[in-house]
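Just below is one structure, and these are the notes that go with it.
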Amino acid sequence: MANTKFQYVRCFEESDACLPDTYMVVRIDGRGFTKFCKAHDFKKPNDKRALDLMNCCALQILNDFPDIVLAFGESDEYSFLFKRKSKVFNRRRSKITSSIVSLFSACYVFHWNEFIDTPLKQVPQFDGRLVLYPNDQVMRDYFRWRQADCHINNLYNTTLWNLVLKGNLTLADATEELKGTLSKDKNEILFSKFQINYNNEPEIFRKGSVALQMLNTEEKRQKKAKFVPEIYHIDIMKDGFWEKLNCIK
Amino acid sequence: MANTKFQYVRCFEESDACLPDTYMVVRIDGRGFTKFCKAHDFKKPNDKRALDLMNCCALQILNDFPDIVLAFGESDEYSFLFKRKSKVFNRRRSKITSSIVSLFSACYVFHWNEFIDTPLKQVPQFDGRLVLYPNDQVMRDYFRWRQADCHINNLYNTTLWNLVLKGNLTLADATEELKGTLSKDKNEILFSKFQINYNNEPEIFRKGSVALQMLNTEEKRQKKAKFVPEIYHIDIMKDGFWEKLNCIK
Amino acid sequence: MANTKFQYVRCFEESDACLPDTYMVVRIDGRGFTKFCKAHDFKKPNDKRALDLMNCCALQILNDFPDIVLAFGESDEYSFLFKRKSKVFNRRRSKITSSIVSLFSACYVFHWNEFIDTPLKQVPQFDGRLVLYPNDQVMRDYFRWRQADCHINNLYNTTLWNLVLKGNLTLADATEELKGTLSKDKNEILFSKFQINYNNEPEIFRKGSVALQMLNTEEKRQKKAKFVPEIYHIDIMKDGFWEKLNCIK
Amino acid sequence: MANTKFQYVRCFEESDACLPDTYMVVRIDGRGFTKFCKAHDFKKPNDKRALDLMNCCALQILNDFPDIVLAFGESDEYSFLFKRKSKVFNRRRSKITSSIVSLFSACYVFHWNEFIDTPLKQVPQFDGRLVLYPNDQVMRDYFRWRQADCHINNLYNTTLWNLVLKGNLTLADATEELKGTLSKDKNEILFSKFQINYNNEPEIFRKGSVALQMLNTEEKRQKKAKFVPEIYHIDIMKDGFWEKLNCIK
């Protein structure tokens, strides 16, 4: 058979299995989303519709990959945590990463209309990478890093865009104004200039989104799946949160 | 800043740059497409609309990645060849693979309606992997392997589905009938039973699809890009084909 | 400078840093030691002089690599455990593995005469590999695996060679006699035929050798180093042993 | 069996096979050789005895690894080139690198006395790494890089040490004198101050050492091996040299 003669090229495929018994985290990131947001008039500093769409896609990922026990999303990024003992796709790095990034991207287009009424004008694109975290400490610190990042960015953007939208500064002037300011300075600007208490801002903006596999209640159980993924906007910085996640290992 | 404290987790991100001066080939494959095809009533043995959609997505990939000099597609798979010296994304394996698989998947949903009138019922999914081929010989043999695979599968499927659709065999009986047959036997069945000369079957089915970056003619050049990707259904088995592709290295 | 022109080849050197915060274990194994033992008339089933030489080399490794907190040796193999946070050579896999295997091999020849009076007739050779263990459980189980292996092999070899040397069986007949026997059967053979209580065999044969970095007593401290490696023949199966090793993380 | 229970730890051993059909080059380098040379009073700028010892070890490597078709050595380093199709140890990176570095190190101690009459005072140590070169061009350029390096270093060292040993400069003053000088300046210093024509210096110093597998002549053939490695001090910069090495692929 003609095929056999060329099949030797398969030996160039390298094994890429991940070290067992470590946490695999796949992070996907929007590519060129500054332009993409502009093209679709996403609201500044946050567009809740776009975040809801991201969360919808994440839920689908958790549905299809029951070994994912938690995911965290903010802005145009999402991180998916597999339980430590997961054997999904024999832990092959490319297979896992590409399947997740593919499903997420396809979902983003598929569900666009359910969340956003402007028609989709250009194709969204994400990249993804898988990183291994060998123990609870570093895995938790990874997700703390992302939630701290969400908080810092959101405080900054909220202040910046209030200066622009309500304060009538240009974007350049507002940026200049915030140079070197600390968190408390931004809180102060928000409060004194715009009567905004940052702590009353919506939690989805301040804390990002956490997707979790939740045990089915009786009613849901009739639809068969044992776990159903749900979105929360909660604090994941404290050890207390993680200690309750006992399905993780 | 709260962020800094956790930022140390970045050191767990491993470098995954591909060996320079080798051909990078990204192959993407539909996941669960047997079910997906059934759900959307794709025609057997080939659904030209589905192949046209695949080709449309591939063209977009070539548009966005000018370092891809050739791609080959058949059924629900596509392989993308980067020129040997490509420095795209510093040759980072995950970044390259995930970006391509993401864009392809999003395009598939985005362009669905242009090719297929049944509404999209479920989200398509692809996986991807990047393989390195160190020289022309093995790189060409890789693509020969895929085109040979296309030919073998198509001859088999064409015969099988003619036995079913025109010969009124059950799928099981038709499968049984083809067990152990050689190419010439299948050609003979097609000809004697269904008056089909296999060599007259459409080239897109027999040879798959080859996407190439073509130098702009005058007219096209006004739209700016120097190269425009186009689809061909041609033989890529012979060295002659490859020797003419001088942009490849 | 002529050099600069070729220096680009350095970009082919791939990064091989090991995942941080995991246990690195380097295991080295004698290559072709069956022949090597024969050539130097090593005693069967164990040659204490050869084990002492192996231990001498291991001590030198621990001297030169203070990040190695424990090593375990049996027969012609030795495994070296780095503390989890070790940053030795920036955790570069090849650098670490090759340096250890080189030093061990050179020491083996260098110290040969101190342990063995036959002159060295051929050059000994070892290979080495580095394996990552992400947590205490699997790291300890690795060393338990090696000590269990030592026990099983030694019980087998002790029985086999007593059958040959004192029981006057051929090697083939002795091998045949032991086929399918359990531990208790071998213990019984040793006791009933040769009045040997296996538990009284030297611990170096039954338990292998454990090299540990020991805190200097006053006297040793004058020779400067804070830690001095020493060899023990002790049980490392129980968690109790590992819990006392608090320098390990 | 106690062993079985722990054997699962083997799954942490990662595959490290090198990409097929590429040139594998193992380079070993002396570690801490500045100190080692001083401890054994090696002559400056070159100690022929030490180079002969290096070459003797390299020959043994070529003897034991017939897939190595060429090696290049200078100072305390040696690079070994495997033929492109080599399947030695299934191309496992660690196995190949560690075996070579081990044998070389053991040989260095074993053969010390045949070349150097001072007794060996400390154990020599080498590290090693394997780099892949995907085609003839880059592989040849790698070796050209090493030979250019040899030339540049030797011209520098020859001039430096003549200034010190015959010119009675301190090492610091001689170093200062050479700062910013070009090749032709150093040639001029050697000639005008010390009547040395650099081109008449021994080729082993100027060109390094090349080990090659040579086809046995009748006489040698009686000792059985088909190929016998030999050392040359020749130019490997020109393509002509490489084109004659037809056993390489």
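Lettered A, B, C and D in written order, each chain numbered from 1.
Keep in mind that, in the parts below, contacts are C-beta pairs under 8 Å (C-beta built on N, C-alpha and C of every residue); 3 or more make two chains touch, one makes a residue touch a chain.
This one's a predicted model, so the numbers in the text were calculated from it and none came from an experiment.
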Chain pair with more C-beta contacts, B-C versus A-C: A-C
Per Cα centroids, the chain farthest from chain A: D
Centre distance in Å when chain A and chain B are each reduced to the mean of their C-alpha atoms: 30
Inter-centroid spacing, chain C versus chain A (mean Cα positions, whole Å): 47
Averaged-CA centre spacing for the pair chain C and chain B, given as whole angstrom: 51
Residues of chain B touching at least two other chains: 12, 14, 19-21, 132, 134, 138
Graph class of chain-chain contacts, one of line, ring, star, complete, other: complete
Residues on chain D engaged by chain C in the complex (per definition of touch): 1-3, 5-9, 12-14, 28, 31, 60, 93-95, 97-99, 101-110, 120, 123-134, 138, 141-142, 144-145, 148-149, 151-152
In the complex with chain A, residue positions of chain D that touch it: 11-12, 14-15, 17, 19-21
For the chain A and chain C complex, residues of the former touching the latter: 19-22, 132, 134-135, 138
